[in-house]
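First the structure, which I've put down as structure tokens, then a few questions once you've had a look.
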Amino acid sequence: MTANPRVTVWNEYQVEKQQPEVAKIYPDGIHYAIAQHLQSSGLTVKTATLDQPDHGLTDAILNQTDILIWWGHIAHDQVQDTIVDKVHQRVLSGMGLIVLHSGHFSKIFKRLMGTSCSLKWRNNGEKERLWVLDPSHPIAAGLDDSFELAAEEMYGEFFDIPNPDSLVFISWFEGGEVFRSGCCFHRGRGKVFYFRPGDEAYPTYYQPNVLRVITNSIYWASPLN
Amino acid sequence: MTANPRVTVWNEYQVEKQQPEVAKIYPDGIHYAIAQHLQSSGLTVKTATLDQPDHGLTDAILNQTDILIWWGHIAHDQVQDTIVDKVHQRVLSGMGLIVLHSGHFSKIFKRLMGTSCSLKWRNNGEKERLWVLDPSHPIAAGLDDSFELAAEEMYGEFFDIPNPDSLVFISWFEGGEVFRSGCCFHRGRGKVFYFRPGDEAYPTYYQPNVLRVITNSIYWASPLN
Amino acid sequence: MTANPRVTVWNEYQVEKQQPEVAKIYPDGIHYAIAQHLQSSGLTVKTATLDQPDHGLTDAILNQTDILIWWGHIAHDQVQDTIVDKVHQRVLSGMGLIVLHSGHFSKIFKRLMGTSCSLKWRNNGEKERLWVLDPSHPIAAGLDDSFELAAEEMYGEFFDIPNPDSLVFISWFEGGEVFRSGCCFHRGRGKVFYFRPGDEAYPTYYQPNVLRVITNSIYWASPLN
Amino acid sequence: MTANPRVTVWNEYQVEKQQPEVAKIYPDGIHYAIAQHLQSSGLTVKTATLDQPDHGLTDAILNQTDILIWWGHIAHDQVQDTIVDKVHQRVLSGMGLIVLHSGHFSKIFKRLMGTSCSLKWRNNGEKERLWVLDPSHPIAAGLDDSFELAAEEMYGEFFDIPNPDSLVFISWFEGGEVFRSGCCFHRGRGKVFYFRPGDEAYPTYYQPNVLRVITNSIYWASPLN
């Protein structure tokens, strides 16, 4: 495990600039909110966004990245295939990848999964409860049996992904659905974690348990060196 | 796969005799209701109960059993260890075992799992919805994305079992819990399926989707030759 | 399970035409040898090859295919992406896919795995022994603890694939390597089986145990309805 | 992860006292050799043996143990069931357990697995090569693609255990067998690692790669706190 993993938080950074109600929650972008928290907990953190040259993911940056966090939603198609190729290669070579929420439809996640990654969804701010399925897993460290998010978008099964190597969380939704919301995958020398919560309409990335899971997953997904 | 598996339905057969409201639902016992359905679908079926000599599980019976279905609740401790040893040995040698509902605390299931098999529970007749997590699995054949039981006992995570070899269903409960309600395990030459629904207070074993799952699991768990 | 699955055996059919010593073993192509055996065992079988229009995989053919068997080696790049897209979609919709030997580097297998699918190899006709890791798995039905191939190409770990949903065989090679040679994957509504043996220089696809495994895998991978 | 896990190395400590040729290799016992190495690498280590009161595994000792390492061979039956019960309970509550070599037939391992844990074996000092199947797993950190032991007892498949949650190593043996030699299991809140090498007739526990694997597994299996 890398003692002090270097994290890059990537965000397409579109909805925060287009929608005032999102900007109120994340005035400097979702990437900034996550990066701020990780930095304050002692990690070395960079950010990168879609509109930067090479989407901010130059070879120099990727080579200094132990963990890449990915948030995207409405602009997956704008991510260039050459960059996706490089990120894919880096994951297989050992870089950890943490894919958040609507990133399930990103090119890089679909490439790594080999499936459609489709799911059911409904966005009307319902209650979500995440249950820990594997209390021995390091990503569940420090959590109770379950934790709640007061309002979130719903994602429901069938989630078209390969069977995860470890299934850490299952979400319960008020409206009647369940979802595999914390999924670990080993791919090549790299480790991938998909974590469901984080629609832009809700202040999810300020929620302590959500941040704790992201931090735990950074250590779990770190390259072995 | 055995073309025509021979099934034995085992039931402790206590609550049906002790509780009039259960007897109304299952006048001849839960084993009888399940066996009736399986027979009518063309399978070769026997039943066996706790109060019979050797709990109805003599060597002769076990040797003619390809699939053993197990329901127990209040009398797990009365099952003799020598019989549990024999059933255990038969499973490792290839006999399929289908453990229903409160059978999670049976001696044979705990022996095969190696864990406590504990879980959360609450019995006030709430709605359960079972979601299919693996639509490619033969136990899910013929089902929609999900199916509902109007009233059932709740079982909730953390369910202390080994990670299943295949996870076919996750249950959603009205009160806020989730549960791994359809779990496949390979043990030795045998296959084990745990299926959650079936508290004695509800007519669950007359529900067509529940019966379909049990039938599917019989074919899946059949010995290979 | 489909009672009578319709099988299409696809072969790039190049080495048999280019190399006389291969033509001696498979005068009508590898696809023909496999198809002949499957037909004689009562299955409905078609063949398709690279040089046919649409590589023989038109919509009409694909829609009548329950199981696609894939052999390719030197011409993976000549398979058109539009055909790969269609096969991919069919697998996620439920068609079974059986990938043989050097098909590990086919476009369709790499697409479904999301990894490089690279491996070690050495071709000097050494002994291979395949060990059954899961005697309860239907693909191992009718086999002993292990079976041998007198001479084969060696494939060795690390094989860069996702962790299989079931690992049925591990190969031992005379020269010192091991390999996950029978791997099951669930992808969408489809099932995928990778089976290692079958270099064109050896009469592997006439070997009874190899043919038995392929037949077993056809039933295992069949669509559910 | 526990920053500084407290390790207890348990050994039945019989063959070293009974067989002079073993005593030459391990004059103070296998437990002493392992403990010495772990201590020198900075870990907090105790030892415990069969002949001590409560086999050295009193409540006080168990409560101060984060990781229990287990070696046994000819005296499994002499381990009292009450101690096995306590160790079992501690594992389900989070204590890590590392079971070495012939410990596959220990009461505690069989209890946790729920299967017979039987295997093939032959002891004539043949070459073993351990191949890394998952280079992203922390137990494989710092290793090459494979490593060799010049002379060891052979263990061969079928190894009757549940499918491991992660399979880190497969052994190749000179005589023609393979074996799942590094297996991870999650059980309750605890983690279990089975590691194959270590017959008493060979100086295996002085081998740097073997010691590295044991050390890696200590960190992997540590309680989460």
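Note that the chains take the letters A, B, C and D in the order they are written out, and that residue 1 is the start of every chain.
One rule holds in what follows: contacts are C-beta pairs under 8 Å (C-beta built on N, C-alpha and C of every residue); 3 or more make two chains touch, one makes a residue touch a chain.
None of the values given here were measured: they were computed from a predicted structure.
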Subject >> Interface numbering overlap (same over half, different under half) for chain B and chain C >> reply: same
Subject >> B-D against C-D, pair bridged by the larger set of C-beta contacts >> reply: C-D
**OP:** Report the inter-chain centroid distance for chain C and chain D in whole angstrom, where each centroid is the mean of the CA atoms.
**Re:** 37
Subject >> Multi-chain contact sites of chain D, meaning residues that touch two or more partners >> reply: 134-135, 163, 165-166, 186-188
**OP:** Please give the residue numbers of chain D that touch chain C in the complex, ascending.
**Re:** 129, 131-135, 145-146, 156-158, 163, 166-167, 170-173, 176-178, 180
Subject >> Residues of chain B touching chain D in the complex >> reply: 92, 111-116, 160, 162-163, 165, 185-188
**OP:** Could you please specify the touching residues of chain B with respect to chain C in the complex?
**Re:** 1, 94, 134-138, 140-142, 165-166, 186-191, 219, 224-225
